[in-house]
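Mind looking over this structure? Questions follow.
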Amino acid sequence: MAGICDMIQLVYLVPLFPLLGFLINGIGWNKLPRSAGGVIGSIAVLISFAVSLGIFLEVKDGASAVVTLFDFIRSGQLYIPFAFQVDALSALFLLIITGIGFLIHVYSASYMHDDGGVVKYFAFLNLFVFSMLLLVLGANYLIMFIGWEGVGLCSYLLIGFWFKNRDYTNAAKKAFVMNRIGDLGFLVGMMLVLYHFGTLSYNELFGTIQSGNALVASGVYNWIAICFFIGAMGKSAQLPLYTWLPDAMAGPTPVSALIHAATMVTAGIYMIARSGVLYNLAPFALDLVTWVGMATALLAASIALKQYDIKKVLAYSTVSQLGFMFIALGVGAYTTAVFHVMTHAFFKALLFLGSGSVIHAMGGEQDIRKMGGLGKHMRITQITFLIGCLAIAGIPGLSGFFSKDEILAAAFARNPALYYLGIAGAMMTAFYMFRLYVLTFTGIFRGTESQRHHLHESPAAMTIPLIVLAVFSVVGGYIGLPPVISEHHTLATYLGAAVTNGDTVHLDHSTEWMLMGISTGLAVVMIFAAVVINKKPSFTPNTGLARVLENKWYVDELYDAVIVRPLYALAGFLYRFAERLGIDGFVNGVGRSVRWGGERIRLLQSGQVGFYIFAMVLGMLAVFALSFFWIR
Amino acid sequence: MPVQYYLFLSLALFSIGIIGTLMRRNAIVIFMCIELMLNAVNLLLVAFSKMWNDPSSQIFVFFIMVVAAAEVAVGLAIIVLMYRKVHSVDINILNRLKH
Amino acid sequence: MDIQELLFYFLSVLALSGALGVVLSRNPVNSVLFLILTFFAISGHYILMNAQFLAVVNIIVYAGAIMVLFLFVIMLMNLNADVEPQKNWLIQLAGAISGGILFLVILSAVVTAFNTLPNGGESAGTTDIGLIQNLGKVLFTKYVLPFEISSVLFLSAMIGAIVIGKKDTQQAD
Amino acid sequence: MILLVSLILVPFLAGIVSFLLKGNAVRVWALLSSLCTFTLTALLACDSSVTPLLWSVPWIPGLGAQISLYADGMSAMLCLLTGIVMPVILIANWNKFTERPHAFYGLLLLAQAGLMGVFLAHDALLFYFFWELVLIPAYFLCSQWGGEKRVPVTFKFFIYTFLGSLMLLAAIIYLSLQSQGAANSFAWETIVQSGKMLPDAEQQFIFWLIFIAFAIKMPIFPFHTWQPDTYEQSPTPVTIVLSALMVKMGMYAVLRWLLPVVPAGAAFWADTVIILSLVGIIYASCLAMVQTDLKRLIAYSSIAHMGLMCAAAFARSETGVHGILVQMFNHGINITGMWLIVSMIENRWGTRDMAKLGGMATAAPRMAIALLVIAFANIALPLTNGFIGEFMLFTGIAQSAHVYHIAYMAVAGIGIILGAVYTLNMVQRVAYGNVTEQKVQGDLTANEYIGLAVIISLILFLGIYPKPLLEATSGFAVMFMP
Amino acid sequence: MKAIIAAAIAGVIMMFVSILMKEKKPTVVLATILMCILFGVNIWELICSPKGSMQPFFNDMLLISRDGLWFNMLMTGCTLLYVLLVRKEIQKVGNYVAEYFALIFFILVGVYLLSGYSNLLILFLGIEILSIPQYILAGSDRKSLKSSEAALKYFLMGAFSTGILLMGIVLVYGATGTFVTFAADYNVQSLAVYLTHASSANALTVTGILFIMIAFAFKVSAVPMHMWTPDVYDGAPTPFTAYMATVVKAAAFFAFIRLFQHTFGGLNEHWMIILAIITAATLFVGNLTAVFQQSVKRMLAYSSIAQAGFMLFAVLSNNAIASEGIIIYAVAYSVATIGVFAVLMKLKDYTYDGFNGLARKEPLLAFVTTIFLLSLAGIPLTGGFMAKYYVLQAAVLQGQLFWLVIFALLMAAVSVYYYFRVIIAMYFKTGNPELLAPVSGGDKILLGFTCLLIILLGVAPQLFLTSI
């Protein structure tokens, strides 16, 4: 084993190379030639992918370890090492992050080639990967938190990449602040853990909990779990903190792919899956997770029905897919959630990159009302995109089908209502994805002449990643075959070492067959509906519900009116009245009153000797009166 | 006569002196009232000296007279100086210095 | 009531009325005269208390020298005419009242101490301390330092007279 | 002993000398002396981390006052901060302040001497001396070289803080008299002893006498109104001295001269003070959100930061106090960087009004990067030094023995959200968008580059590997536990 | 004793000088020499005097203690400094330079008496010897009406307060039968023996003590007997104002403490609370009124009232630290005030605007003024701080006066306001202050020395206290 263990001991290489990439690109942001940035960045990620592959191979054989690099914070009883945890869960995520990350790097190399700040761009991209790796590798919540905030930072930098545009920078700000709100929840959660258990490291914490000699009330678990979940809301864009994700489209498209597929949003799922032990003891928190996830899934899906921006549709679909994952977490099927994370990573990355190549071809145009019939100009994109759509829609045989179906099954086992709602969500997914597909690739072209002229297939650097991802979107699901097909659930057994699922009821096969049938059937139906409806598209201004959906349920406006404006109003009020008039006014008032008093008292000095003597006599009177009628 | 009577008397004189200083505007008269106060004190001192049968207080009276004389010399000089300037000894017009 | 008491009351009335005269009379000259009257009355008291030396000094120094000086000054300023502006009656009333209250307050305090006075405030033993030779002895033995010191006082008074009173050569008036 | 004395004497004498120098020589002189001081502080930091240094001689026997200097990790760390910040100020503002530089640098160095004294004094009366001694040069610096409203504003600042320190004086007299006749009735140990002996009611009263002085200096919520005006009006190097160093005097004093001295009083008022600080955090952050002047914005943000430290101090948990020691240093570094950037902006754009600024990332990208790093350090992003400190502060508050400790911590946490809001607003307004017209073109000059490089490298190093700082300051927390 | 004689002789010499020599300059030189000799005599007497014990003179007329001698020496030193600093201005006042110096010497006689008296008669004479020359000096500028007015006001009120003082003395005597305040040997009949504890007080004594207190309150210009102060200080020729406001007032305070600490201390529950209220009023009125002044000279007059409020603490809190405190305070306050006046006298315009931009024109002058003002405001490192510290510590030690201490500190913060207005004018305002004459090098050295003195007092006060 010794020789093998070395690989795990080398885990620090995994984040190291992206960091190096970041440093090189970052320091040479204005010296390096444009092409160099892409090369350096991609290679960095590639190496760490290789390393993590090695690690994965070891971990697959049951190896796991905690690698401590150095003391991070040590103060009295508080001891937090800078340590990495290598086990099945983190290894899997390493693969996803570095693998898909690499593809996206390669893709961006050509996508961003014409941009001036390409080197800076790759620096940020590497930093992003680095932070995400820290997040999943951390052996305690603090290291996770570092990555947690790190990805927030990178999303801020990348969303605001074109910083001259005020809307983009606003979006970036929004993303960061929303995340910060979540992070506060996470922080409070950490504090609670520290206060009650005195440690942040996973092993010690879960060890104490499982050994059962943790002397804490059951309510505490709920509180901790809820606080952490608030953090997850921020990162993984759940209600009510999801609004930043659609706006994050402001960044370059590959960034969206990275955020949505490989990094960032999956953090929340990873965190909860990691803290499964904790969550299993927090039933209330789990229910909360479930219903929030459900609500998010439905809401986002419904919004996606009426979006015209190709990336917005995908963004909302991500939100709703994340909702599905949280449902899975909520019902205690952590492995299922992770499974869906993986498959979703494949096809969502695929879809985004596809849309990227579409936008590339359309010369920056994102409105699907202006597209149509692109299929004949860009075959590869069309086909890969179609695969992605089928996968996400849950057509049997593709990855999405297995993972989503597992989620629905688990939900049904917990509570049929969940299942039906889930189905509704799934149907909407199928519908809007194919609406998107049809409007984009089929029918007649609705754009301008100039656009039509330079429509073209993207270069190989962009299409190859598409193809690779398409392949994975197809086969990715077969590591998690449902029980009805094979008793051996590869992923579940693999993750079993690291993740302790909640008590999930196992359904008998007939029910499972039925469930699959229903979902598949409905999905197919919705697909046809979508195709039929959007064959001859007519974009009349929406009315009624459709209008509400187009405007995303007016949630942003709501937040603006309920939180943002009042806050600024309050601040202005405080500044103008409490500060200027109130406190400072008081302070100055004291000084002014002293001056005023001085001015008055000095008038006693009338210059009249007679009065002076009179004052003396009065003083004597007062003195004697005091001494004879008060003191004794 | 017991000393109480003299206490009454000299306190009365003393107070009349004070009242005088408060009531009059003529610097000289005010000064005279102050002299009155001093004399009240003298009277009381002598009375007490009789009571205690102690000469030192009469010596004290003597010194009070000495000081009074000196004060008169200076005081009247100042008043005259003032009079030379403003041709009045009315204290109410002394208000160049105020506030 | 024996002659002493009679004299006491007489002199007291004389002194008080003289004092009141000083305060109330409009004309400064009258004030001076009233003050002299008062001094005489007080000297009478001194004699009553067998302090001849002080009685004499009082007459000579006060009534004689000081008051005459006052009189000179007043004449020199010819304030004898009844032209002196009065304070308005309110201020005068305030002064009178506050002075009176002061009198009452102090008195009310002092009377409480009467019982503590040695032998009821009566004179103790022989009372020839006021005679010149006794006083002289005390003055030049025990009280020689103050006696010397007072010369400094007079010197400064003298300088004062020079510095303030003497006509300046360059000052034209 | 030589070390302790020279720490105060070197800047003091250098200051005196530089009054006599003429022209450009004074800059060099000031820089040399401050570098020398820096090396001394570095030495001190090495020595005292092993064993605290103490040196004392009788001063006023009649009163029992001593000249006694003491350096443990906390003092050494703050001295080091002073030693680092001073040269940075001098370098980064190298070619400014051509108007009567000898007076300017002289006063600056005198202020440094005073600061050293405050951090080293181990005798209450001596401490009070230095406490005031810092104030005088600061007063002259501000009202001589500041903005147009400088004189009244600085005057207010002076009287305000002077009033506070007079209350402190009353407390010192009172405490020192508890051990009347002792040969060292002002020594720290004696003061602590006599303070502990007092009955609770008196401690609760004395507590306010002492705390007012420090609260005004820090400043804590209702006593803060002098600060934004003063920071806005005073010249940037002085603002740095004020906000990076003098503000720390207040915090240091709370730890050294308040908590151990009147433990019962502190315990009694702890909740009150914590709540005040929390209100201050939220309040100041809100106000920072609506500021348009950069200096005022940073001023309010620093009020919020000090509020957090103060809350942690009165949470009176070991981690919290340790966190304060760390955060004092870090905040000093970060805020210095902030002010440097602000002054550079002012020089180039000729204004501090954010509405008129923009496009730094295009016009001066290096500066923009520096701004970004410092800004994120200011909002305690992990892997910057700000995070370490604030994390420990939060932990400290959460681990305190108060009933609502978690609630306190959560409220304090709101501060980091609002902090993100206003800081990112600032970054967006200043760095992003299109370039507005500039007075002076150009990116960082060499001297500015050096200054910022020092700051940023410290930020990142201490953020990633805080161990040295933590170890230098560890263990002293226990001393201040009531 | 030697000092008293020497001072008197010096005064007499100056009187004859006034007849013999007509030029002013040599007169001043001679006076300075005499002052130096007098200073020497003081030091000599201090050295000769036995430690610890008190020497009685002329059977209980004087009881000269070592701290009394120390005080004399310091005050003479201040006078010497004063004479050196104002030697030019004093010639401008009038023709009678020699007489002025004679009066100053006589005032010193009064000072010595007040620091050494042990008999109410000497106290009375001392106060008169202190006062009468002041009346004269106040009126010595015969050209100015203000000066004469000041003299008259001062004289009338002073004579009035003399009456009050005498009434007090008489009442006390009536109750006890002796004028001896305190005697070296305990079996001498002295007030200190009579009035050891409150029970020994009857109404006569208390009334008398209060009368005396009021008279002293007048001399040290405590509210409400303070009203003469601003007018007199404002009207009197500036050189003499400088002297009246410093040494003379300090001497009055020393006598005040001597009497109320050693003699009436046993009865303090009868007068302490009243004096405390008077102190509070003094601090309040003095500081607040000074805030609004336009003329620096008048501001200093009010500030002297405020400072008196602080010195009253020493009287209030009769204990050992208090008597140290009053000495420190007397020196610190006198030196600083004399310094400020010395600078003020160099200027043409006494208003705040007269100081505008002094720092640019005369940096050294501005610097020393700043130090003096800081000292008056009680900023550490200057004598003023140590002075305030001592008296306040004494008050806190006394036990019942902490509230008053806090109040006093608040008022000290107010005082910063008006002192710093001068500093602001000098440094932060632009203007061209007109000097009467260019400042000579000698003056600069003297001022620098004075400023050093202040700082020395601030860092090493014990140097000025080694006698006690």
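Per-chain residue numbering starts at 1, and chain names A, B, C, D and E are given in the order in which the chains are listed.
Going forward, a contact is a pair of C-beta atoms (placed from the backbone, for glycine too) under 8 Å apart; a residue touches a chain by one contact, two chains touch by 3 or more.
Here the structure is a predicted model, which means the values were calculated and not measured.
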Next item on the list: Give the chains in contact with both chain B and chain E, ordered by label.
Entry: A, C
Check: Which chains make contact with chain A and with chain E at once?
Finding: B, C, D
Next item on the list: Point out which chain occupies the most central position, where each centre is the mean of Cα atoms.
Entry: D
Margin query: Going by average Cα coordinates, which chain is farthest removed from chain B?
Written below: A
Margin query: Between C-E and D-E, which chain pair shares more contacting C-beta pairs?
Written below: C-E
Check: Based on CA centres, what chain would you say lies at the far end from chain C?
Finding: A
Notebook entry, point to check: With chain centres defined as C-alpha means, what is the inter-centre distance between chain A and chain B in Å?
Noted result: 97
Margin query: Using Cα averages as centroids, what's the distance between chain B and chain D in whole Å?
Written below: 65
Notebook entry, point to check: Any idea how many Å lie between the Cα centroids of chain B and chain C?
Noted result: 6
Check: Cα centroid separation between chain A and chain D, in whole Å?
Finding: 37
Margin query: At least two partner chains per residue is the criterion; list those residues in chain C.
Written below: 87, 91, 94-95, 98-99, 102, 106, 109-111, 117-118, 142-143, 146, 150, 153, 156-157, 160, 164
Next item on the list: Would you pick out the residues of chain E that each touch at least 2 other chains?
Entry: 121, 125, 128, 132, 135-136, 139, 142, 151-153, 156, 160, 174, 177, 203, 206-207, 230-231, 417
Checklist line | Sites on chain B at which at least two other chains make contact | finding: 3, 7, 14, 17-18, 21-22, 25, 31, 51-52, 54, 56, 59, 63, 67, 70-71, 74, 78-79, 81, 91-92, 94, 96-98
Margin query: Which pairs of chains touch each other in this structure?
Written below: A-B, A-C, A-D, A-E, B-C, B-E, C-E, D-E
Notebook entry, point to check: So in the complex, which bits of chain A are touching chain B?
Noted result: 602-603, 605-610, 613-614, 617
Next item on the list: Could you pull out which chain A residues touch chain E in their complex?
Entry: 591, 594-595, 597-599, 601-602, 604-605, 607, 609, 611-613, 615-616, 618-620, 622-624, 626-628, 631
Note to self: For a test of understanding, state which residues of chain B touch chain A in their complex under the given definition.
What the structure shows: 18, 21-22, 25, 91-92, 94-99
Notebook entry, point to check: Which residues of chain C touch chain E in their complex?
Noted result: 106, 109-113, 116-118, 142-146, 149-150, 152-153, 155-157, 159-160, 162-164, 168, 171
Checklist line | Sites on chain C touched by chain B in the complex | finding: 4-5, 8, 12, 15-16, 19-20, 22-23, 28, 31-32, 35, 38-39, 42, 45-46, 48-51, 53-54, 57-58, 61-62, 65-66, 69-70, 73-74, 76-77, 79, 84-87, 91-92, 94-96, 98-100, 102-103, 106-107, 110-111, 114, 117-118, 120-127, 129-130, 134-135, 138-139, 142-143, 146, 150, 153-154, 156-158, 160-161, 164-165, 173
